[in-house]
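Which chain is which? They are A, B, C, D and E, in the order written, and residues in each are numbered from 1.
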Amino acid sequence: MLEVTSVSAGYGALTVLRDVSLKVGDGEAVALVGANGAGKTTLVRTVCGLLRARGGRIVKNGTDITATPAHNLAQHGLAVVLENRRLFGELSVRENLILAETVGRKARGADMRFSWDEVTALFPVVKERLASPVELLSGGQQQMVAIARALLLQPDLLIMDEPSTGLAPKVVKDILLVIKALRERGMGLLLIEQNVGIASEITDRAYVMSVGSIVHEIGPGEWQSFLTDERLVKAYLG
Amino acid sequence: MKPRTLPWLALGLVVWAALPFVVPRYMADLLVFTGIYTVAGLGIGLLLGHCGIVNLAQATFYGLGAYASAYCTVMMGLPSIVGFIVGAVISMALAYVIGRPILRLTGYFLALGTLALSAIASALFFEWDWLTGGTLGIGGIPKLDLFGFLLDRPSRYYFFVWIVAFACMAVAHNLVDSRTGLMLRAMRDSSTAAAALSIDLQSLRTRVFVVCALFGSLAGSLFAHHASFVSTQSFTVDRSISFLLIPVIGGATSIPGIVVGALFVTFLPELLSKLGDIHQILFGLALVAVVVLMPEGLVGAFGKLRTRLAKRGSGNG
Amino acid sequence: QTSGEPVKIGAIVSVTGAGAGLGVPERNGLLLAEKDINAKGGIKGRPIKFIVEDDASNPDTALSKANDLIFGQKVQALLGPSLTASTVAVGGVTHANKIPQIAFTGIGPAVERERKCVAHVLPPQRLNATALLEYAKSIKATKVGVLHDAGYGNVVMAELRPLADKYGIKLVAVEKFEIGATDTTTQAAKVKAAQPEAVFIIATSATPFRNVKQIQITQPVIAAIGSSSYEYVNAMGPAADNIAIPEFVVGEDPLPHQKAFVELYKQAYNSTPKNYEAAAWDAAQIIAAALNKAGADATGEKLCEAMKAPYSGVLANYDFSADDMTGIPISSFIFSKLVGGKYTRTPFRVTQ
Amino acid sequence: MADPLLALKEVGHSFGGLSVLRSVTFDVPEGGIIGLIGPNGSGKTTLFNIVTGYIRPLAGTVTYRGAALGRDTIQQRGLNGLVRTFQTPQVFEQMTVLENVMVGCTKLTRTTMLQDLLRTPASRGQMREIRERAEAGCERFGLTALRDLPAASLTAGQRRILEIARAVVGEPRLLLLDEPSSGLNVQEIDDLRDWIVRLNEEGITVLLVSHDMGLMTVARTVHTLYFGEIIASGDMAAIQRDPRVREVYLGV
Amino acid sequence: MTLSLVLQAIFAGVTNGIVYALVGMGLSAIFKGSRVINAMQGEFAVIGAMTTVLLLTKTGWPYPAAIAGGAIAGALVGAFIEVAFVRYMARKNASEDSFLLLTIGLALTLSASVLFFIGRDGHLLPPLGGEGVLIILDAVIQFHALWLIAIGIGATLALRAFYHRTTIGLSMMAASIDADGAATTGIDVGRMRTFTFVLGGLLGALGGILVTPLIGVDYQLGLNLTLKGFAAAVLGGLTNPLGAAVGGLTLGLVESLAIIGISSSYKDVVAFSVLIIIMILMPQGILGRAGRRGG
């Protein structure tokens, strides 16, 4: 479904990503873990078109999307929850969501994966505060709006950059349940997560990134052995 | 680094000293204006580049300095230095009194506040013609007399103006480089966090505003003694706007940038005017070209070019 | 028929900026005069050349331009600038360096009286004020309302106030508006509320004229010379009616001594000249005459001396040895009236 | 018993009808590490804002070192040793990392503007001192390698650490950390834990908000906020056993 | 001070206020959609009005067609500016100051171009509803001013609805608040910015056309309108079209009441002092809203 082949990218004179390749299959959930500054966010920004790839190819469902501008990616079934949420602070919660819903509807037509009601039901706060400007919400509440917004884009692959940031444990658990449910409906997931505990719980496989390259792959069923291996964890995530 | 910059410094000094004698007189005159605008622009640059404050009131302080000098010398027959001091004191006092409430505003609200201040001052300059001479202005302001040396020609006044300008630049540089400068930039980037680190935004901004007013007033006094004439036209809102251009063109955070900006606004219109009536269109387009091609100002663009050249040099070598 | 090195005369006018309404006609007048002078033999056979610079209506720029013309281009004399402030500023240089100057303005603040070599081809504001009052007297208005701007208007007002008493005219309402104001209805309403018998408008824009008509002031309107130009009349639209103006040139109906100039101007520019074209023309002719008298290479001082004589110009009769450096008598004024957007000359004149 | 360093009494606040805090009362003893947890939107950050002076509480009093904070400004509180970090890191983006940390030290020294304008020896000396302290701060928090980078180019995690370093160099008495662990990985959270313990040993009292239960174990006492009210207090083990906390916050 | 004088002052204040509001609305629309303070908003008015004047006098188009032509000219210039300059600068992450400088430069260029190519004459347009006036208690107001007030109020409400009821309006705001967030929500940020400038140009041009019958248009009008429009927009809170209307009316009324209440000499002094006081009392603007303080 998503295939990233030897992509490199960076900022100005600085090259951050070198020859990164990874793959997310249909309906698969894959994690991307790595230390601070490894380049995870940079990869996300490159995949979703906010940063131009300096080399390599990104293919989604057989279409080359390397040069597709970010705003067209929803058409390709891709949605992303960016680091720091990137909501429209002065707009109300409802307006934030309507924007995504409109785009999602355009991309999927009548065949919507996630209805408005479903999504708002998922996050009760969102429903309660529909008319409130987003910037007035608490950090965690904003995070929920960001996830809701991404879901309303009706993605078949959702990329999340540290979605658990600032969420209470209960909400994280709720979200994990939601994601599991979504996966059952065939949605793929690329999860960037510092908290390997969380990552291991909902993903099948993982890539470990360090200084701009994929240095290790955790295959299906290998999460447990990875996590218990102090040495590996230290080497890759420390 | 140091030993290598020394010869350049010496060369610069020689060029600087020779300049008013080798260029035609009207250019020396423009160079004097450049120096005056540098002084005025420095204040705005401090506020804009280091505090993120758009100050549209500099013409007010410029006017206060000029009128103080004009009034003290022409109407009261006092020595020139009195004009400089009176202008500076009044400007700083006004900046303090007005600054305290106005500087509570932020962003464009503050810009509008200073614009309003400029409009009020400009209206009062017109209205109080017993003091300012109104539209007719005050003429016959004596040339400066420095210990018996009469600065009656642009080539002489040039040295005085630029020594003042360099002193102001040094002072501004000190400020930027100091603890205060650090706090200013912190406040510019995030006032929320700056407050948490015990930076008193209000009083810091007020004090820089006062320094800016001081520079404005000094420039005004210098101007009065150069033009020998002051009138309301020189201190309108338009002038405030054109002062604002100086740091933006040159690069607001850089002190040499202010000089470049001042050179731009004094020389370019002059050079373009040789091309006939179209010159104002061209000046507007030149401004557009500067921002579009060099969004960090002329000095920023120069810096970039230098690093690029340096890189190429080292790549080849 | 002229030959040799041209005699260079500098000119500074406001072609752009707020004073463009003055500078453009002045430049036209100058260039026309240049042709005329050279056609008539120039300066003792040498051509005269006006180097015209634009000060963008800014006194600082005017100062730089003056420095350039005098020290860079080495001009013999300077004409202009168009605006009072610039004139005072430039006068500092010309006076100090003994360069003759003929300004397209009336004399300004006190320092200018010491500048004995800075002549003016337009009347001092005191004279303009007198002309307004003379007209008001002629229509027997004793209560007058005034609407004036903060620049030009302020200066005329300063002269008008003391004079009004002498004429036994009471200024029942004096309302001011800022230069470039786009609306002055409230001020006009205050004037109207004072129930004047006539209204003076002293401004350099069409706005107050329109506003006065909009709020239906029906009393006679008398405008100062500053707002007399075809541009302003156009911008007044239907309001350009029944407005009296003390001024000098009505191109539609010129005085006998103005006819030749008006014809020449019409031919050259295909439009009708007014006061500022004529003033600049006069200034050019005056300097040419002085040069012819004192010699093309005369020093500034000599040239000044040569200038200090009566001169009958198109605009007015001057006498530059007068105290106000212009010597225009009140009898030089004519009084025009705008009727349906057209200038007509009234028979009224003031005799000394 | 000695006076607590910070005492909240019946603190209440609401935003336009939305009641966010209701009669919150608790103490932060000198030298302690106090934790504050609660579901999203329960008012933790609002409480921080009240303590540090960004918001005036609508009810109740906040007492710091025995005196009511009342109308003290944010700055006065800071000078008195109350320093906080932000839930969304607030770094000075156009300044370098070192300069960011230097700003944290500015409050320790005093120069007048005039001295700075004239670059008097006092002014230069203070600047040197600030720089030295900041360099030591960078060293301590492992930021030395990033020292000269503009803060704008830092990653989420690096910003977090920078913010903590910047707060700590100012020699706080009471350090309020708002979710310092978010964006950090396991290893870094461990480091953070060590730092907190170390700082506490050095005499800094800590009030910690975090959703990371692992990190929260450093706290000696944890208060649980739920819809603006404290529903449970105690050590971490007790809290984790509390049925209400389990239901509304931990979700087990 | 008579009642009729007060009424006249209120008429003038409201009329001028609506003029300021129209310019201010365009300014706030552009700010809302691009975070650019458009120092050439007044020039849009000049472009719209001048084009209409030229179409009317030179080509003899009927008035409504000439108005449409003027409005389109404004929109086109707006689009051109975005495509030619703003887009390029935005890609380079230009600062707010440089956008300000850009629009100041463009304002100078346009005003100088009008002077150079069209001349310094002032022009008027025929008033809507003819030359007629309404007289109440001796105070006079032109029919055109009534039209202007009605249209001004209509435009305010329409703009408000546009921003909060239509997807495109929402998208325009979203794109300027957070470009990355918008792009990943499927919003074409570049196109929204172009729309924003088209809208700003259109509003500016329409405003210019509407005020010309009252105040005339010449090459110098732009700066004047920009300053007043800026004051109106900021006073109202900058991102709210309704705010610009309230700000404009406040400014207009304060100005004209200062003339009758105090003295015409001190009109600007009083008006701008009041403006400063209002801002100090309401630092977010009259209709502005404070953001979340602290973390």
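Things worth noting here:
In this text, a contact is a pair of C-beta atoms (placed from the backbone, for glycine too) under 8 Å apart; a residue touches a chain by one contact, two chains touch by 3 or more.
Per UniProt, the chains are A, D = ABC transporter ATP-binding protein; B, E = Branched-chain amino acid ABC transporter permease.
In this text the structure is predicted, and so the values were computed from the model without any measurement.
Annotation of chain A and chain C: jointly contacted by E, touch as defined at the top. The chain with its C-alpha centre at the largest distance from the centre of chain D is C.
Chain centres computed from CA atoms place A at the largest separation from chain B. We define each chain's centre as the mean of its Cα atoms; on that basis chain A and chain B are separated by 50 Å.
Chain B and chain C have CA centres that are 35 Å apart.
Between chain C and chain D, the centres computed from C-alpha atoms are 72 Å apart. Multi-chain contact residues of chain A, defined as those touching 2 or more other chains: 136, 139. Residue numbers of chain D whose C-beta contacts span two or more other chains: 45, 52, 54, 84, 86-88, 90. The set of chain C residues that touch two or more partner chains comprises 16, 150, 178. If you check each pair of chains against the touch rule, the ones that pass are A-D, A-E, B-C, B-D, B-E, C-E, D-E.
For chain E in complex with chain D, the residues that touch the partner chain are 293-295.
Interface of chain E with chain C (complex): residues 2, 4-5, 8-9, 11-13, 15-16, 19, 112, 115, 120-124, 131, 133, 139-140, 142, 211, 214-216, 218, 220-221, 224-225, 255-256, 259-260, 264-265, 267-268. Partner chain D is touched in their complex by these residues of chain B: 171, 174-175, 177-183, 185-186, 188-190, 192-200, 207, 211. Residues 45, 48-50, 69-75, 79-80, 82, 85-91, 95-96, 98-100, 102-104, 106-107, 133, 135-136, 139, 149, 153 of chain A touch chain E in their complex.
On chain B, the positions that touch chain E within their shared complex are 48, 54, 101-102, 104-106, 108-109, 111-113, 115-117, 119-120, 122-124, 127, 192, 237-238, 241, 245, 248-249, 252, 277-278, 280-281, 283-288, 290-292, 295-297.
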